[in-house]
Amino acid sequence: MIECIDVAKRFGTTAVLAGLTARIEAGEIFAIIGPSGSGKSTLLRLIDLLDTPTEGAIRVGGADAHREPEQSLAVRRKMGMVFQKPAVFNTTVYENVAIGLRFRGEGMAAIREKVEDVLRMVGLAGYEERRARTLSGGEMQRVALARAMVIEPEVLLLDEPTANLDPVSVALIEDLIFRLNRDRGTTIVFSTHDMYQGQRLAHRVGVLMKGVFAQVGTPREVFTLPASREVARFVGVENVVDGVVAAGENGTSVIDAGGIRIRAHSPFGAGEAVSLCIRSEEIRIAATSGDTPGRNSLPGTVTSVVPRGPFSKVTVDCGVALSSILSWKAADGLGIGEGSRVVVSFAPESVHVVRRG
Amino acid sequence: MQRRTIFAVAAVMVAFLLICGCTGTTTDPTPVEKQQLRIATTTSLDDTKLLNHLSSIFEEQHNAEVLIISAGTGKALEYGQRGDVDVLMVHDRAREDTFLADGYGINRRVFAYNFFILVGPESDPAGIKGMTPEEAFSTIREKGMADENIVFVSRGDASGTHSKEQAIWKGAGFDYAKDIQGSGDWYIEAGTGMGATLTMANEKEAYTLSDIGTYLAYKGDLDLVTLVDEGDILLNVYCAMQINPEKYPDVNSELAKDWVNFMISDDTQKEIASFGVDKYGQPLFYAAQNDWAKIGVTEAEVSVPIA
Amino acid sequence: MYEIIEGIAEAARLIITLDPGVMSIAARSIIVSFTATVAATLISIPLGAAINFGTFRGRTSLINLIQTLYSLPTVIVGLLIFLLISRVGPFGFMRLLFTPTAMIIAQTVLVLPIMTGLTISALSGVDTVIRDTLHSLGATRLQFLANVMKEARFAILTAVAVGFGRAISEVGAAILVGGNIMASSFSGSTRTLTTAISLETSMGNIPQSIALGTILLAIALGVNLVITRMQHR
C-alpha cells in the first residue's frame, strides 16, 4: 500500500531521514516508534504529501505523487491525517468534521448523514453545534479523528495522536483505531513514543533510529529479538552486554564479556564483536549457585535494589552489571539487600545476540 | 453574544451615516451636470466671506458650482502655475505682473481695494499709535528687541499681506532676510491665513499687519485695535485673472471669463461696495470701478469686460 | 474656562439639532474614509495572502518594508498624491485635485501598508497545524486560501477596523489633496471632520470645533470598541 524507497530528507545541513526503505501492507496497522527527533513526524508528513523528500520515492497505492504532481490531489484525498496537536478550526464541531466532505463537493444531505454517523462513532454525538475550540484536548482530538475518518480514507496517518491526552481519551482513541482497521480495513500508520501502545495496537512495528528503520517486525520480534543494541536499549531491554565471541560452533557460542564467559545461541563465529541482550525478567537471582547445568551462573554483589511498582529491580555486579526483576516477596524471601552476595543465572536461550557496530 | 455587539455597533454607524447624509446633503438639485469653477484665492478675501456671498449669486446666474480654495497669494500663484485652478484672485501687484509676463495668467481685472492696517493691543506697549507705517515697524523692532512683551506676528506664508509687510520693512530701510527674519523672539512667523493670524496675534497681545476687511470681520472676537491706518504704502488692491488656456487647455476658460467679468460688472461692484456695512458699520472693501486712478491702475482694468 | 463651557453647550445644540453644516462634514468624512477602507481592503487582502503564502526572493525584505510604511506620515502621502494628480503631474488630465475622489485615493494609499501588513500577520498567525490539516484534507489552492482566511477572519477584520480608524483621523493628506473646500454642493466640497476642526480652531470658532471633535471622537471610539471586541475571539 505504501512503499518508501531509499527516502532521504534533509533540512539545511541536517539529515533527518537517510536511505529509509519500508513497505506498509494494505489493511495493516503499522506503528512507528523511535526516540524524539528520530524523524517519525517527518516521515508521516512525507507520506501525506505535506513535504517532499530530498531523495528517494514514496508510493501510495502505486502512485508517486511527488514525482507526478497532477496525481497529488487524488492521492492526498485517499489519505487522512491526525496531528499531535489537536487542530480544530475556529467554528462548530459539525463544520470541522464536514469540511473534508465539502472539499469533495458532497451534497448537504449526504454530509449531514455522514457527519452525524462518524460523530456517533467517536462518542461525540450531540456535539454538532458546540464550538470546537471550547472542547477538551481529548474531545478535540476525537473531532480531528472524526474529520479524518468521515472522508473514508484508504490510509489513516496519525502522528502521536494520544500524546498529552488523559487516559480515558487515550483508551477511546485506541479503541477507535482498532475498530476502524477491523471494520473498514483501513491501513493505519501511527507514530508513538509509547512503545507499549505500539505493542498493543500494531500488527507490525518499525523502529526508526538515525533516519532509517533499524528494525521492522511484529511487536514480539521487536521487543524480544531486537536487531541491534540501540533497538534493544530503546525497547527496554535492560541488560545489554558487549563482548567478543571467543568460540562458536553449531549455533552455540561462548562470548567473552570483559573476562566473564557467557554461553548463548548465536550464528556468529569467533572474533565477532557482539552485544548480548537479556531481559530482566529472564534473569534469576539465588543465594547460592543452583548449579543447573547449561545455565549461565555468575556470582556477584548486589549494588542496588530499586522498587518498581509491586516489583523490585535488583542490580548485581558480577563483572558486568545485570538487573533482574523480582517481586518484593521473592526479594524479601532471599533476604537480599545492598552488598549481599548472590548468584545470577540465566539460560543461554534468554540471551539474544546481535552484531555490534 | 459578541456577534450581536458587532452588529449593533455597525448598525449604529450606518444609521448615523444615514442621518448625517440626509441632513447634510440638503439640496443637491441637479440631475444636469453642473460646471465647476476652481478659484484659488487669498485668505483675506475668503475669511471675510465676501467670496461666499458673491459666489452664490454667480452660481445661480450661471448654474455652476464655485469651488474656492483659500490659500494665500503665494500658494494661489503656485496652483495657478500648475494649472490646478481656473481663476486666481490675489493682491500682490508685483507678483501678478510676473505671473502675467510669464504667460500663466491672462485678462487681469481689478475689482476691489481696501487698506492694510497695523493692529495691536490696546495698551500699545511700543507706543506706535498714529505713526507712519515705516516708523511704526522700526519702533516695534527696536523696542521688541529690548522688551519681550513686544511681539510682531507675521503671516509668514508668502501671501499678499506678507508681501506688503516685507515692502514696509524695506521702506523702513531694513533687509528682510538679515534684519527681520529670525532676528529675535519679537518676530513670529505664523504661516497661516489672515483670520488665523489675527487670532494668534490676539492671543499673544501682539502687533500684526492685516487688511481692514478681515480685521473688521473678526473684530467682534478680538481685543486688538487699529493703531496705524494712514500711509500710501497701505493700499491693498485685489485682482482676478484667468489661468491661460493656452498653457492649460483643460481649464474652464469660458466660466473663468464669466467670473472675472462678473467681478467687474456693475451689480457686483455695488455688492462689493455695500458688503458688510450693515454688520460692521463700514464696508470691508471698496469697489474699484470708479477709483482706478486713485489706486494706480488703468481704466481698462476695472471696467472693460473680457471679450 | 467660560469659553469652553459655552463651546460645549453650543456644540451639543449643533449635534442634537443635526445642524446641516456639521452633519454634512461628518457624512463626508465617513463616506470618504469608508470608501478608502473598502478600496484598501479589496487590494490588501489578496495582496497580503499572496505575500504571505508566496515564496519569492526578497519576501522578508518586502514584509519589513511594509511594516516600516505603517508610520508613513500622512502629509507625505498627501504630498505624493498631490504631485501625481496636479495638472502638471502624470495624472493631471484626470482633474482629480481638490475633489473628494482625490482624498479617497490618498487615504487608500495611506492605509494600504498597515492593512496589508496586518493581513499578513493575521494569515501567518494561523497555526501551521491548521494549514497542514487543510492540505491533508485535500484542499485545492482556492479552498486552502479561503479557509485560512476564514480562520484568520477576526484578525483580518481588526486590520480593516484599524485601517478605517487611521483614515478617518488623518488630516495631512486630506488638506493637501482636498483643499478643505466648502462648496455649495455636497460632492463639490472637500471639508472633512479633521480638516474642518483644524480650520475652525485656528479661526477661533470654538463651538464648531468642539461639535466636530465630539463626533470624530465618537467615531474613533466606536471603531476601537469593535477592534477590542474582535480581539477577544
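Lettered A, B and C in written order, each chain numbered from 1.
Note that a residue touches a chain if its C-beta (ideal position, glycine included) is under 8 Å from a C-beta of that chain, and two chains touch if they have at least 3 such contacts.
The structure presented is a predicted model; accordingly, all values stated were derived computationally and were not measured.
The highest number of C-beta contact pairs joins the chains B-C.
Centrality by C-alpha centroid: the chain sitting nearest the overall protein C-alpha mean is C. For this pair, chain A with chain B, the centres built from the Cα atoms lie 88 Å apart. In terms of their C-alpha centroids, the spacing between chain A and chain C amounts to 56 Å. Rounded to whole angstrom, the centroid-to-centroid distance between chain B and chain C, based on C-alpha atoms, equals 33 Å. Counting only residues that touch two or more partner chains, chain C has 233. For chain A in complex with chain C, the touching residues are 45, 48-50, 73, 76-77, 79-81, 83, 85, 87, 89-91, 99-100, 103-104, 144, 147-148, 151.
In the complex of the two chains, the chain C residues touching chain A come out as 127, 129-130, 132-133, 135-140, 143, 147, 150-151, 233. Residues of chain B that touch chain C in their complex: 2, 5-6, 9-10, 12-13, 16-17, 19-21, 23-26, 28, 30, 34, 36, 38, 47, 55-56, 59, 65-71, 82-84, 192-193, 195-196, 199, 218, 221, 248, 250. Within the complex formed with chain B, the chain C residues making contact are 18, 20-28, 30-31, 34, 86-88, 92-93, 95, 97-98, 179-188, 202-204, 219, 222, 225-226, 229-230, 232-233.
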